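Following this message is one structure expressed as structure tokens.
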Amino acid sequence: MAGVAVSTTINGDNVEYLCQPDETLLDVLRDRLGLTGAKEGCGTGDCGACSIILDDRLVCSCLVLGAEAEGRRVETVEGMAHGDRLHPLQQKFLEHAALQCGVCTPGFLIAAKDLLAKNPDPTEEEIRFGLAGNLCRCTGYDKIVRAVQDAASVMKGA
Amino acid sequence: MVEVTLWGSLGAAAGGKSKIEIEAKDIRELFRKLAEQYPGLEPYINRGIAVAIDGTIYRDTWSKELPQGAEIFLLPRLVGG
Amino acid sequence: MRYIRPHSLEEAAGLLAGSTGTAAILAGGSDLLVRMKGGFIEPDLIVDIKAIDGLGEIRETAEGFSIGAAVPCALMGESAALKREWPGVVEAARLIGSKQVQGRCTIVGNLCNASPAADSVPALVAAGARALIIGPGGRRTIPVEAVPTAPGKTSLAKGEIIEAILLDRRAPRSGDAYLRFIPRTEMDIAVVSAGVNLTLDEQGAVESARVAVGAAAPTVLLVEEAAEVLIGSKLDDATLERLAKVCSGACRPIDDKRGTVEFRRKVAGVLARRAATTAYARAGGK
Amino acid sequence: MNFDPRYSTRNFTSVGTRPIRPDGVDKVTGRARYGADFNMAGQLVGRVLRSPHAHAVIRKIDTSKAEKLTGVKAVITAADLPDLTDGDAAMYDILDNCMARKTAFYDGHAVAAVAAVDARTARQALKLIEVDYEVLPHVTDVDEAMKHSAPVLNDTIFTEGLEEKPAKPSNVTKRSQYGHGDVHEGFAQADYIVERSYRTEQTHQGYIEPHACVASVSSDGTADLWVCTQGHFVYRQHCAQLLGMDVSKLRVTSSEIGGGFGGKTHVWAEPVALALSRKAGRPVKLVMTREEVFRASGPTSATSIDVRIGARKDGTIAAAEATLRYSCGPYAGMWAELGAMTAFACYKLENVKTVGYEVLVNRPKTAAYRAPSAPMAAFAVESAVDELAKEVGMDPVEFRIRNAAQEGTRSSYGPVYGPIGIGPTLEAAKNHPHMKAPLGKNQGRGMACGFWFNFGGQTCTDLNIGMDGSVSLAVGTVDVGGSRASLSLVAAEELGIAYEQVKAVVADTSSLGYNDMTDGSRGTFSSSMATISAARNAIKILRERAAQTWDIPVDDVVWEKGHAIAKGDKYGNLAALSLKEIAAASGKTGGPIAGHSELVADGAGVSFATHICDIEVDPETGATRVVRYTVVQDAGKAVHPTYVEGQYQGGAAQGIGWALNEEYIYGKDGRLQNPGFLDYRIPVCSDLPMIDTQILEIPNPNHPYGVRGVGETSIVPPLAAIANAVSNAAGVRMTHIPMSPPRILAAIEAEQAG
């Protein structure tokens, strides 16, 4: 099997890698590039733990081939904070205890970032449906929704 | 002398008794004497027995004293999630 | 295994036609990658069609809309014109998977996966949509209902690719709607579904209608008898009850992990009735 | 030093506040390392071959072709995990479950495993392993498995707990019985009797992180294991015993854990990974797929339960009886027994009898799931209690208050209760605004109570004071939901310093003494007790050092608000010494200052909750919507209230999923049909409303701060609360969980048909 050479942008950095044709972008990020923030909870697009933003679209990186990233822009949770300054969503997730085990958290943060980019003032219902592709088994979602609401109001004010 | 109540299945293993009078100052001594006097209980003791003393369940504190007049109730060792 | 990203349809069709082993088209990948992960398919060749010019676009033409095979469903939701003219088709497409899946999945993929429970297909069938196919023999156009032939099987020949889905421009006083039943509010596959497309006459009575039911037979059902029930009516209660009964009666469902025969039969009718009511209102009916 | 765990009232400074957790930033930046986020140089990929059959004898396994494949470094079968369990039946079952020995007992049972240079090679190797199966008849249904005609899974099992030893083996491993009084007499006094049979389907804990580990065994017999687990010390014991290793030579490090809920209290693939590594001579990473998690980890029991309850006209319960049958998978368990113990624990009953049957079936081994076995029993009992209240003509809350257990009540499982919280949670629920809120069309309100024991266990904690006065707290209970924050609060409270001065970590098995698992709602209860003890031991040393510095008797030195203070007028001139000052001088006053604690945290208080919910039912489709949900639960003392709320909300959400949609679905072939999150439907964000919580604080007399476990009880009431709400919304009594739309619609149609 011939490897595919890929040149792409991840969190603003130029990155090149060689991957197998059937290797998912999630596996590339985690196993080849050491970006383990995105998690594999199911590998079938049903849990959202591997969420990333690919050319401004929220996707499950387990449903993208590594080869497809050629020439595109990838954003992962590792790129959310600026230096030691957390993104407002990250800060609000901490303040509201919107995580217990935390394994779904990177996916939620990325999905919420995408949601607020497209809808800066969402209703509770819009948040709930906007985050329906991300499973959380610990929190019952209550504190996650509140954290996103709070982050939205902070970001609007900023 | 304390009176010890056995849960249903344990009673069957002790020859159908649901209450046993035993001279024991703490849980360690209680288990030792139970095993001596009722060999049928030994596998249960090895598997784990919890002791409720006045409603509080002790799973592992063998040094726990058995106060006179306290209600001593044996239960299977519990598991949790 | 090879991964190839051709830049023209002809090149893609040629690759597929010339492949010796298992070849797979990759558009959104939301079905293909799941099947690969589960070990159900190990393609020797993956043809990624997203770099082909125009395939990622929704084009408005004189006749209507052409939705390219690589258009993610999320993009359909962003097209104001498409939403205005075919709200039922768009809402069906927007029900496939999560927001993450929406960023990838396509209605052509949904059609070619040939699941009886595919969300966009009943709406497309009701809309009278057509599939534009390119292959070794040139181009041809067929109704979407002629694409899936059985669960997991299509009528496409080796080397054929669906290039786009074509939707007509709307006649005045038209409306469509799609409803599906899922146990949760999101993330499920339809247990049963119904799509209804209506055009009213000037008096507000139904002039023409198409009714499709999903997940109730090996392929999506176009229920012509249901359309006949609607035509000439103003969707009074008796008509709606008859519609429900006809749709329930047309079902040939199975018991499976997602639902029972009885449930699917009953709810197909309920959904058809509710979808018809919405489509009627969208068409301006009162 | 003897530690006194008894509660005494105090004013808290740190405990009860809501600071940000110490592991938080790592978790929001993607830096936290979970089971699959760790790698070692030269690491191989491990994969497991699983039985496609529900029940089959393994005649022969031929691994020769797989072994010859380039890139394959080890192939193992049960032969590579010889039986070292020495008559320990429970350990033998664990071994057999990790790798089937003679018989594959369920779809997904491990039969062989490989380690290869990459995942693709490992997958190919699995295909090259030839297993010769003799397929046997199977049984997956709990009631079917009890019939005489059912295929017997294990012919060495004769039902235990019967008066006479049975002549024939059966799938019923044990009968257990609880209760007191005379139910016959009780029912004779009853004016109203409700009698129903209930079923609940098997559910999975559904943690988002699949099981994952990296094992590295050296040829000198030492080994390292990195693993996501609720109890790394227990995993060490089990792995060492199964592999014939010295416990001290196996170092187990617990990764961050992506959810467990009981499912990560048992070893599954870890002994396999170690055996592969031992054979290959290289580290092996083994990560389960989601499908493997569903097919081959440990879901909870499917159940079949009969309940009979009788009440007098005055609303007192005269007698209560239940028979509970719980599936165990292929190995003996105590699941029905836990159901039998907890079923009626909320009530004050003169006459009560429960009987439990443990039933073997061809499904994966049952594992603990949050308050294991209690939710199903509560579903049956609380549904019947609701019906009985209606028969008597009483409000369901009033009826429960009338019959609630209280201090001095003999519990249905035997002992007499001390101070308990069922009454207060019911009173709080009765007075909650939710109870009076108006309901919309097709909506109904339901409520239910729940009980769980909680427990403590062996616990070991180290508290080290740095020379700058900051404090390192090493605990051995895995942090499943914020316990490092609560334990830091406790250390800060006890030492009288700021929360920010404390850093808590979960230590590996070579750095700290043995700890039981984080289960039974014990994490914060037990480790806070050990932390208080360790801090008090450290304070003793701090006082000694101050006394030494001042050259006065240590008995004259007290510890207040983070300072050593010389007590008495004669020391009027001595300025208090801060912890920081004492720590800075520690190198010259006797060396490092630390407090250690090894204890058995017994005396966990039992826990009660009352839930209220509003459900809307679409009468035409059977679809349900959770409109409003409220949890009232006793926490003893909420150390970090936000995370206590989180436990309440999370348990409620899991219970809602169980009640409405989650279930294992087996085909006639005995194979699991829905091993994925698509068709095993856990609640998504848009399925749920905000979940209101009310924390009651009735101090546990056996903890210095009054803390009770809070993790599990919240999953107990939801099944019944929702069933009662559905009954009030749609006029049908649902007796089969989950109440999926097809079941509700069928019930509505049957009701309409009369």
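For clarity, chains are labelled A, B, C and D in written order, and residue numbers in each chain start from 1.
Assume a residue touches a chain if its C-beta (ideal position, glycine included) is under 8 Å from a C-beta of that chain, and two chains touch if they have at least 3 such contacts.
For each chain, UniProt lists the protein as follows: A = Carbon-monoxide dehydrogenase small subunit; B = ThiS family protein; C = Carbon-monoxide dehydrogenase medium subunit; D = Xanthine dehydrogenase molybdenum binding subunit apoprotein.
These figures come from a predicted structure and were not determined experimentally.
Visitor: Which chain has its C-alpha centroid farthest away from the centroid of chain A?
Guide: B
Visitor: Could you quickly compare B-D and A-D and let me know which has more C-beta contacts?
Guide: Of B-D and A-D, more C-beta pairs in contact link A-D.
Visitor: Measuring from the mean C-alpha position of chain B to the mean C-alpha position of chain D, what distance in angstrom results?
Guide: Roughly 25 Å, centre to centre.
Visitor: In angstrom, rounded to a whole number, how far apart do the mean CA points of chain A and chain D lie?
Guide: 29
Visitor: On a C-alpha centroid basis, what's the spacing between chain C and chain D, in Å?
Guide: 44
Visitor: Please compute the C-alpha centroid of chain A, do the same for chain B, then give the distance between them in whole Å.
Guide: Those two chain centres are 54 Å apart.
Visitor: In chain D, what residues contact two or more other chains?
Guide: Residue numbers touching two or more other chains: 205, 260-261, 677-678, 683-684, 686.
Visitor: Which positions in chain C touch two or more other chains at once?
Guide: As it turns out, chain C has residues touching two or more other chains at 38, 185-187.
Visitor: Okay, in this complex, where on chain D does chain C touch?
Guide: Touching chain C: residues 123, 291, 620-623, 660-661, 665, 673-674, 677-679, 681, 683-684, 686-687, 740-742, 745-746, 749 of chain D.
Visitor: Help me check something: in the complex, which residues belonging to chain D touch chain A?
Guide: Residues 18, 20-21, 23-25, 27-34, 36-37, 39, 120, 205-210, 256-261, 287, 289-290, 480-482, 642-643, 645-647, 649-650, 652-654, 676-678, 682-686, 688, 690-691 of chain D touch chain A in their complex.
Visitor: Touching chain B in the complex: which residues of chain D?
Guide: Going by the criterion above, the answer is residues 90, 160-161, 163, 174-179, 205, 260-263, 265, 334, 337-338, 341, 368-372, 411, 413-418, 452-458, 519-522, 600, 602-606, 702, 711-712.
Visitor: List the residues on chain C that touch chain A in their complex, please.
Guide: Interface residues on chain C, with respect to chain A: 1-3, 5, 26, 28-30, 33-34, 36-38, 42-43, 46, 48, 50, 72, 74, 97-101, 103-104, 185-187.
Visitor: Tell me, which parts of chain A touch chain D in their complex?
Guide: 1, 20, 22, 30-31, 35-44, 46-47, 49, 76-78, 80-81, 86, 90, 93-97, 99-106, 109, 124-125, 127-129, 131-146
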